[in-house]
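Below you'll find a set of structures to go through.
Across the two complexes that follow, chain A remains constant while its partner is chain B and subsequently chain C.
So, the complex of A and B:
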């Protein structure tokens, strides 16, 4: 098992944001987490990456509990995050942004290999390697954020709403890229409001509602499920 | 209730002061008076640095102005002759002196001169964007210092003006502290204060909601300059001497420590730390005297107190990064709800009548739309950034009551067009006509007042302010009472405030956020932040609403509700809506007309049906439908 979360409780001030959720992400799979705004999806990702601390519960990466580690060590142990709203380094060039993703790695040849892989995945970035991150369009910034995450050589890639603010054509492009990342054998945990696209891509899905997992199952089953259709797919 | 409690506590304070005056020794009284003067200066300083978020380094300059003004007006004539023994004193100050009963006049004259100084520094600094204020105010303080040292006929130079009667007794000091604190606190809680905090949180958003950046910063700075100068006058009449060394940059540094320790933006924090600082400065004096601890002998080190304060500041910054109180402020409602007398919620909601729609529509929007009056006309807009042509020769007419969509790939220039309409960018060529006037090149706040409101693609809420206050910042443009009326809490202002609150609550109800009115906006989940942005935009009473990706971050079900909501808004508020969106179901579902932009150039326009089948749009934007 790549990632195993057990009975996770998270509080924001007095608000009980995650009420004991448990979920698993098997190695080599794409798992998606869907749910309404404020259901706790982003909180889950932020807790996995150590940006928020759980009050209770465990997060095991390949069997090792990472829930008390500082964020940089979580990244070093193989979790990469593509944050909501991209959060690229606006005043660094595209190349510098990508290299920041490999900050903790010392194996130069492996970094170079991943660099070429990312450039191959997003050829648009190659044309703009010396351009500042802030001057990219929204779609290019999203590609850069995914590329930067891949540069850390992660075994688990977490994405928070990669389609946010992207034109339809680009949404498709980003999802294609995720598919190819998956074909490489990487494990992906995906949060997405575009639930239909997410379910089409994913193997397994969890439905989160106000901090509780309401439903789970094979993504293709949920895509057909009447309640899911009504609540999250727009009928 | 609150007012009564305030009056009672001020009364209790003065009874205590009367007791202290008769029973405490001169040393203790002097510390208390110094503390009170520091309160005046710190509260004034925090209004600019903490509330409005502008970094000023100039209170020592304004205090010097007030100090010298007071000294020149109050010093008895025979003492004046005695002080200016090197050079004669300048006319007219050598020919008159005010009696002690007019001490308050001297303080107010000093205060007004301080405000004048603030005006002179503020005009150039606030015209420029960015952090010029720190440099300008620092320079201003130094100029005052040099002038005070050299204008001997006026200031008596480095020797200073000695022998000022000790007018600043405990009542004057604390009286001024109470007045300054209540005035600033009232101001901060008023619509003017919310505009200031809005600027602190996000200048661009504040301006887009109709807040005049220049005027509002200036208001804060003038009030601050006034009270700083009053504090300077009090200080002079407390230590009985006014000299350049009293108003060095060290004074500003001390005040900076006070407001940072207390919490930038917390008036309560400034009051408590200012007083504590003055007391500690005296009590720690022993640290600078020689000390014997058993066999160890420490020689007296001058300046040891500042070392201690600096260490304290560092420790505090490590553990309480936002000062002791952050941006929290004391209020009676808070205290009453703590001890369970009234509930906070009840107090805050009570002024809100549930009067449904804030602005009922008198005319049928449909009818207006059919009349087909053009509300906004964009003509040949072109804008370049460096060598890149971001928008090229863009023209579009929008009729009253229409919902028009603007779509196109990321980076096509859609948001740039919004930024041109709202005045954030000035186009290189072309014009924006709105409601009969050419608004090209107008300031964003004037455009907002003219009736164009917007939401932002990357959400620009005032994150630290409450949900309700976010909406109330927009209501500021409708406030007619003056700053003075608001800060003094006069009935005329209070009724305006009540109306603004009830309109704001009605808007929050409309977007489903009424229950969360006192939550910090930054703590809301993404989708609710978008809803709040819409409520905030509506509070400027717009005729045209620009929505920049309203459905971003919403799931299909929420998106559906949003579509119904946007249509409702249009009908209820007689709005015209222009929106950018990537969710095709939204664009196709609610827009009557769609314009497609690619690389800054219009490539298509039409009804949803026409756009969906347009081959150029499919190639550039939609892509081939699959599965």
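So, the complex of A and C:
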């Protein structure tokens, strides 16, 4: 199992944000976590990456509990994150943004290989390499954020709402790129409000509602499920 | 004013300004990363001068070796201040961090008074700094020429580190977004420590050169240069390194030229600089090159 979360409890001040969620992400799969605003999706990802500390429960990456490690060590052990709102370093060039993704790696030739892979995945970034990150359009920034995460050579790629604020055409482009990343054998944990796109892409899905996993199953089954259709797919 | 005096005053302003610039960079780098005004920075500058003094006077080391060791030691002092005093309050409200910085400043000053005494010490400057050199018709003290030259070299070295090395890239990343830098697998604590080390090293270099220019040192010598360099950082645009250099030069020139052209105002030289600070805070708080805070969300 790539990632196994067990009985995770997270509090924000007095608010019980995650009430004992458990989920699994098998190696080589795409798992999605869908749910309404405020259900705790982002909190889940922030807890996995150590930005938020759990009160209780465990998060195991390839069998090793990472829930008490500092963020940079979690990333170094193979978790990469595309944060909500992209969080591009706008005063760094596109190339520097990508190199920041590989900050903790020392194998220059492997970094170079991943750099070429990312450029191949998002050719639009190549012509912008020496531009400041802040000058890119929203879609390009999302591609840069994904590319930057891939530069760390992760075993698990986590994405927080990659479709947020993007035009439908760009959403399709971003999801196509994710599919090709998956085809390379990479494991993906995707958090989305755009449930339809996420369920179409994913193998397995969890539905989060106010800090509790309400439903889970094969993504294709959930796509057909009456309750899911009503609540998250607009009927 | 005749040409001779003008050249002398220009060199004076240039050297004073480059010293302010060296100190101002420490304020601006720390602010850029932590949004903290490190009020102890002027005292770090004093520590630099004293370290060099002790290496020369007590350990009898050669002057240039002493200066280098003093710079290294002061960098360690700066890192320790961050580790001991600032890191524990990093996530506290900003006012707590600000008060901590003031506390550290008083602590270092008073520690200096207790340990080395309030009586000024004569700082031995190397032969090469003590000479008098002719520029055209003007006789200028060599230290006023060396200070700008060495400062420019140090600033170029700093620019190289910040814009051409991986560590510098990480420092720029931290100044935009600490959390996302963590998500890159970077140990942010180490990057912040490095920032303090660099800023303190520059302040130490400034302190040593200051002591060459005004060879009487005392534990409170960092207060006024510190406040003026802080003014320089604000005037240049706090958080902006080029701005700090520019601001330093400007403040140094304004201070010297006020005294040169209006000798009657020489008693107000500090007041004039701090008036400038107030004017900038009122009219253009982002300084000459600073970016608006809106972008810093």
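As a convention for this text, the second predicted complex is superposed on the first by the 235 of 235 C-alpha atoms of A that agree within 3 Å, B and C clash if a C-alpha of one lies under 4 Å from a C-alpha of the other, contacts with A are read in each partner's own complex, and residues count from 1 in each chain.
As a convention for this text, contacts are C-beta pairs under 8 Å (C-beta built on N, C-alpha and C of every residue); 3 or more make two chains touch, one makes a residue touch a chain.
Treat the numbers as computed from the prediction; the structure is a model and nothing was measured.
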| item | value |
| --- | --- |
| Superposed partners chain B and chain C on chain A - clash or fit | clash |
| Contacts of A:205 with chain B and chain C, given as first, second, both or neither | neither |
| Touching partner for A:138 - first (chain B), second (chain C), both, neither | first |
| Which of chain B and chain C A:193 touches, first, second, both or neither | first |
| Chain B versus chain C as contact partner of A:232, first or second or both or neither | first |
| First (chain B), second (chain C), both or neither touched by A:101 | second |
| In the superposition, chain B vs chain C on chain A residues touched | B |
| First (chain B), second (chain C), both or neither touched by A:83 | second |
| Contact residues of chain A, present in both the chain B and the chain C interface | none |
| Chain B contact footprint on chain A (complex, rising order) | 12, 34-38, 42, 84-85, 136-140, 161, 164-172, 193-196, 200, 230-235 |
| Residues of chain A defined as touching chain C within the complex | 49, 51, 70-72, 75-76, 80-81, 83, 87, 89-92, 96, 99-101, 103-104, 148, 152 |
| Contact footprint of chain A on chain C as seen in their complex | 166, 169-170, 172-173, 175-177, 179-188, 295 |
| Chain B - residues contacting chain A, complex | 407-411, 457-458, 523-528, 549, 552-560, 582, 584-585, 620-623, 627 |
